[in-house]
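Should a chain be cited, it is by its letter among A, B, C and D, assigned in written order, with residues numbered from 1 in that chain.
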Amino acid sequence: MQRKVLIIDCADASGLITKITGVCFANGLNIIKNSEFVDNAQGRFFMRTELEGERFSPSLANDIQAILPERSRIRLVDSGKKRIVIMVTKEAHCLGDILIKSYSGALDIEIAAVIGNHQVLQPLVDKFDIPFYYVSHQDLNRSEHESKILEIIAQHAPDYIVLAKFMRVLTPEFVSQYPSQIINIHHSFLPAFVGASPYKQAWERGVKIIGATAHFVTDSLDEGPIIKQDVIPVDHSYSAEDLARCGRDVEKSVLSKALQLVINEDVIVYGNKTVVF
Amino acid sequence: MQRKVLIIDCADASGLITKITGVCFANGLNIIKNSEFVDNAQGRFFMRTELEGERFSPSLANDIQAILPERSRIRLVDSGKKRIVIMVTKEAHCLGDILIKSYSGALDIEIAAVIGNHQVLQPLVDKFDIPFYYVSHQDLNRSEHESKILEIIAQHAPDYIVLAKFMRVLTPEFVSQYPSQIINIHHSFLPAFVGASPYKQAWERGVKIIGATAHFVTDSLDEGPIIKQDVIPVDHSYSAEDLARCGRDVEKSVLSKALQLVINEDVIVYGNKTVVF
Amino acid sequence: MQRKVLIIDCADASGLITKITGVCFANGLNIIKNSEFVDNAQGRFFMRTELEGERFSPSLANDIQAILPERSRIRLVDSGKKRIVIMVTKEAHCLGDILIKSYSGALDIEIAAVIGNHQVLQPLVDKFDIPFYYVSHQDLNRSEHESKILEIIAQHAPDYIVLAKFMRVLTPEFVSQYPSQIINIHHSFLPAFVGASPYKQAWERGVKIIGATAHFVTDSLDEGPIIKQDVIPVDHSYSAEDLARCGRDVEKSVLSKALQLVINEDVIVYGNKTVVF
Amino acid sequence: MQRKVLIIDCADASGLITKITGVCFANGLNIIKNSEFVDNAQGRFFMRTELEGERFSPSLANDIQAILPERSRIRLVDSGKKRIVIMVTKEAHCLGDILIKSYSGALDIEIAAVIGNHQVLQPLVDKFDIPFYYVSHQDLNRSEHESKILEIIAQHAPDYIVLAKFMRVLTPEFVSQYPSQIINIHHSFLPAFVGASPYKQAWERGVKIIGATAHFVTDSLDEGPIIKQDVIPVDHSYSAEDLARCGRDVEKSVLSKALQLVINEDVIVYGNKTVVF
């Protein structure tokens, strides 16, 4: 038995569920799990269906496309292990969490490579027999630096790229090559404290809760579609450094959860938002 | 346009979604919101569908029943205000929260009556021009007491009965008259601290979190299907009384949320559990 | 036996705890509960002490002042019921929660008066036999409107003023009369979504968590010292109206908790932050 | 400058804070942070004080003991890195999290050794150049097995022993050698679901929240003093396996947080409870 995930995103219309599940049924496929959402404000229909069958007709996606409204988006992807490339700078917590989760099977991923603009995390990556590429930004302009990185990424053909505390802003040219495929962790509860030093900003403002936000990367810094957010309570006794230290636990937890959702094909991007089934 | 909620609970089978939504589509009904769940361990299919249409055929439920496996359970209920009867003893917090939420329209309910085995909450209920029935259990055996209460409830024909800190155990005879219609709030995170004085038990055990549980009432005390649970962190500095005081906020919040889910027809009971869409 | 709370806020120095508790001890007072905090970044010492004794010397505050560094702030306040005035516009949820909590004794307050710039909440307040003052802002400039309100407040001499969804901005003149005494609930997780329509902003941004913030009111809108914050998870299926509806539960809960902290004298304001013991 | 933590646990009496801080002050020590708690129900006083000074008199603890009530417990411990031994069976998540946190400096510990009754985690431990001892329980009675483990532990003289999903029950003889030094993670929100297969129990009960509990190990299985608990929401769609998978994140997070508290000397055990400053 094979398993695939069907993702549909189209204009809302009458009878969509009947028609779509009808095609699946006619193809001898069993629906393992089904989720729909209609955004009434925008008249948009979203559906995620886990299908199981002995055989998937090569024309299945086309057959479904045929009964959908015009300009529908449809994806039919295999369940199972996804390839990712991780980009890092100096901090170990998010990377370390993904390494352990991949090692123990908690995340069904293959880490094809880790790319760092500093070398400090190489020893950690080496322990897990994963290629580490040190690509310093020293003496390179942004475009040259990104070209080198893009070349390495291209070699590894990842399904998704994870910025696990990669502390440099990516150019629109970079981002445009991997639309809705680059996941970033921002160390604040966006949109609070955009920009640099969010923990210092949080300390100065005297907030009683801090958080982290995992989002897809778009051209606008800290403005991409949010996948997952979480928070922890803090109090007056936390220095800015304490906030940063405690925040790391939320960062790694939120990033791992977002990655889990994304590789599970639970996330549909539309406009600047996500539907997360 | 009319709105109804269709609730289906049946043995799992191929093509159920296609067939069910097909009948709705053929009846000219629009699906506003649709949720399904398959319990693979038990081979059971659950579906909740919000339907909208100019006219609902009187045979709709039967038409759907006809295409379902045998022994399916199907309900087709009107959206909109539900009638409830509230039973209380002496504590005001859960009752007060429901009164305010009903008054302000936050809960779409009509409180038909409040029944108390003590009189202390009558002045609060009177403020809201809702009939309060004082039915003391003094000098009555359990059966006599419950008969009086059942008589009052029957007059008001509620959709649901809410035990808002009603501190007496109901007999199986009482419960059997309102299966899956009586909602209770238990002042612990069940199944921890079943029975009496859960906050005292929690204090003695030195737990770092306390909670509350809203559940349907069945014959087994504190054992009915759980609808909603929530918790709050506590610490060593809380006395048993502090735990009780802080716990009241969770109790009222959990009970109100459970009631919201139930009147919204989001909850399906099966066996001793719930599916909450 | 009498109880008082001693609040100290001064430059940090060696031996402060020994000296302060020494004066209390010499006065025959028992320390029921004691909390200290040193902000090392600013070299500032904060202390809150619950004292019990048969008799409090009238010179106690002065005796303590004498052993503290210059420009220390010291308060010695009675434990027990606080007087509050509540200001509202049209929404019942925060007001209703405080009314019920006051009625049931969950909040140890006396609600001296409720002032509304609309009349819609008067019937609710009347139920609880609390004076409601309708002060419309129609045909009045801001200063005239506030003068009328200030006059009513002055009559009732409250310890604290609670803005329970009062939807007008107060002028610096108003605020300056009640420094660190006016508590507001803002319907977002500040500093995210400052300004108008935070739930609409949150919906447009596609956040996965929404929150509420209780803070003291200062001249800068939405910028005052934060007392308490809390959040709830949301998802793509929430409309802006759903966010607002669910947000109301957080708003009322955060405001009540902040009020509890404030009347308990657990909160010290310094700069634009709070120490919350 | 040196730093030490002073931990006091004694019968409550008048003037304790003044006297204790007085001795510290007289010794030229600065109080960096101070916390007290009085359990009024039991008349017991608890204090934790972080002290800083150029030199700590060797008689300091005795000097303080002299002014305390009889049978007081007093500890004066160095701040800084603690030695731990970890015991495991087959699951990687808790161990992995501690390894990464130790590697990155997030936990200020030295992992002296890891002991496993299965060999499966050896490769992970080897990556971090930490000695792994495989001590199978095959063909050994409980006492023989524990003797071998105790011998290894003794060699490494740890401050604390962490049971990171060690799936065997320790005997009272073992536990008595390390009182209040053995930390266990239990995969439920104790006291709910004591004993075996808590996730299966949780699934059968249909709970809406699951949790984990870190506690000191005592003679009574699952009954030791609780250090930290946390929970996550779940729903009907989770199988028992899903509960176990999601629960692992809470387990590792709770265990790491408990370990952080313990090595920071924030935890005082008294009776079967903890004070956690």
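Simple rule for what comes next: a contact is a pair of C-beta atoms (placed from the backbone, for glycine too) under 8 Å apart; a residue touches a chain by one contact, two chains touch by 3 or more.
Predicted model only: the values in this text are computed from it and were never measured.
In summary, the chains found to touch both subunit A and subunit D are B, C.
Across the two interfaces under comparison, C-D and B-D, the one joined by more C-beta contacts turns out to be B-D. Note: centroid distance subunit C to subunit D, computed from Cα atoms, is 37 Å.
Per-chain CA centroids place subunit B at a distance of 40 Å from subunit D. Across the assembly, subunit A contributes no residue in contact with two or more other chains. Put simply, subunit B touches subunit A in their complex at residues 14-15, 17-18, 21-22, 24-25, 30-36, 38. Subunit D contributes residues 91-93, 96-97, 99-101, 103-104, 106, 124, 127-128, 245, 248-249, 253, 256 to its touches with subunit A in the complex. Of all residues in subunit C, only 37, 39-41, 189-193, 205-209, 211, 225-231, 235-237, 239, 272-276 touch subunit A in the complex they form.
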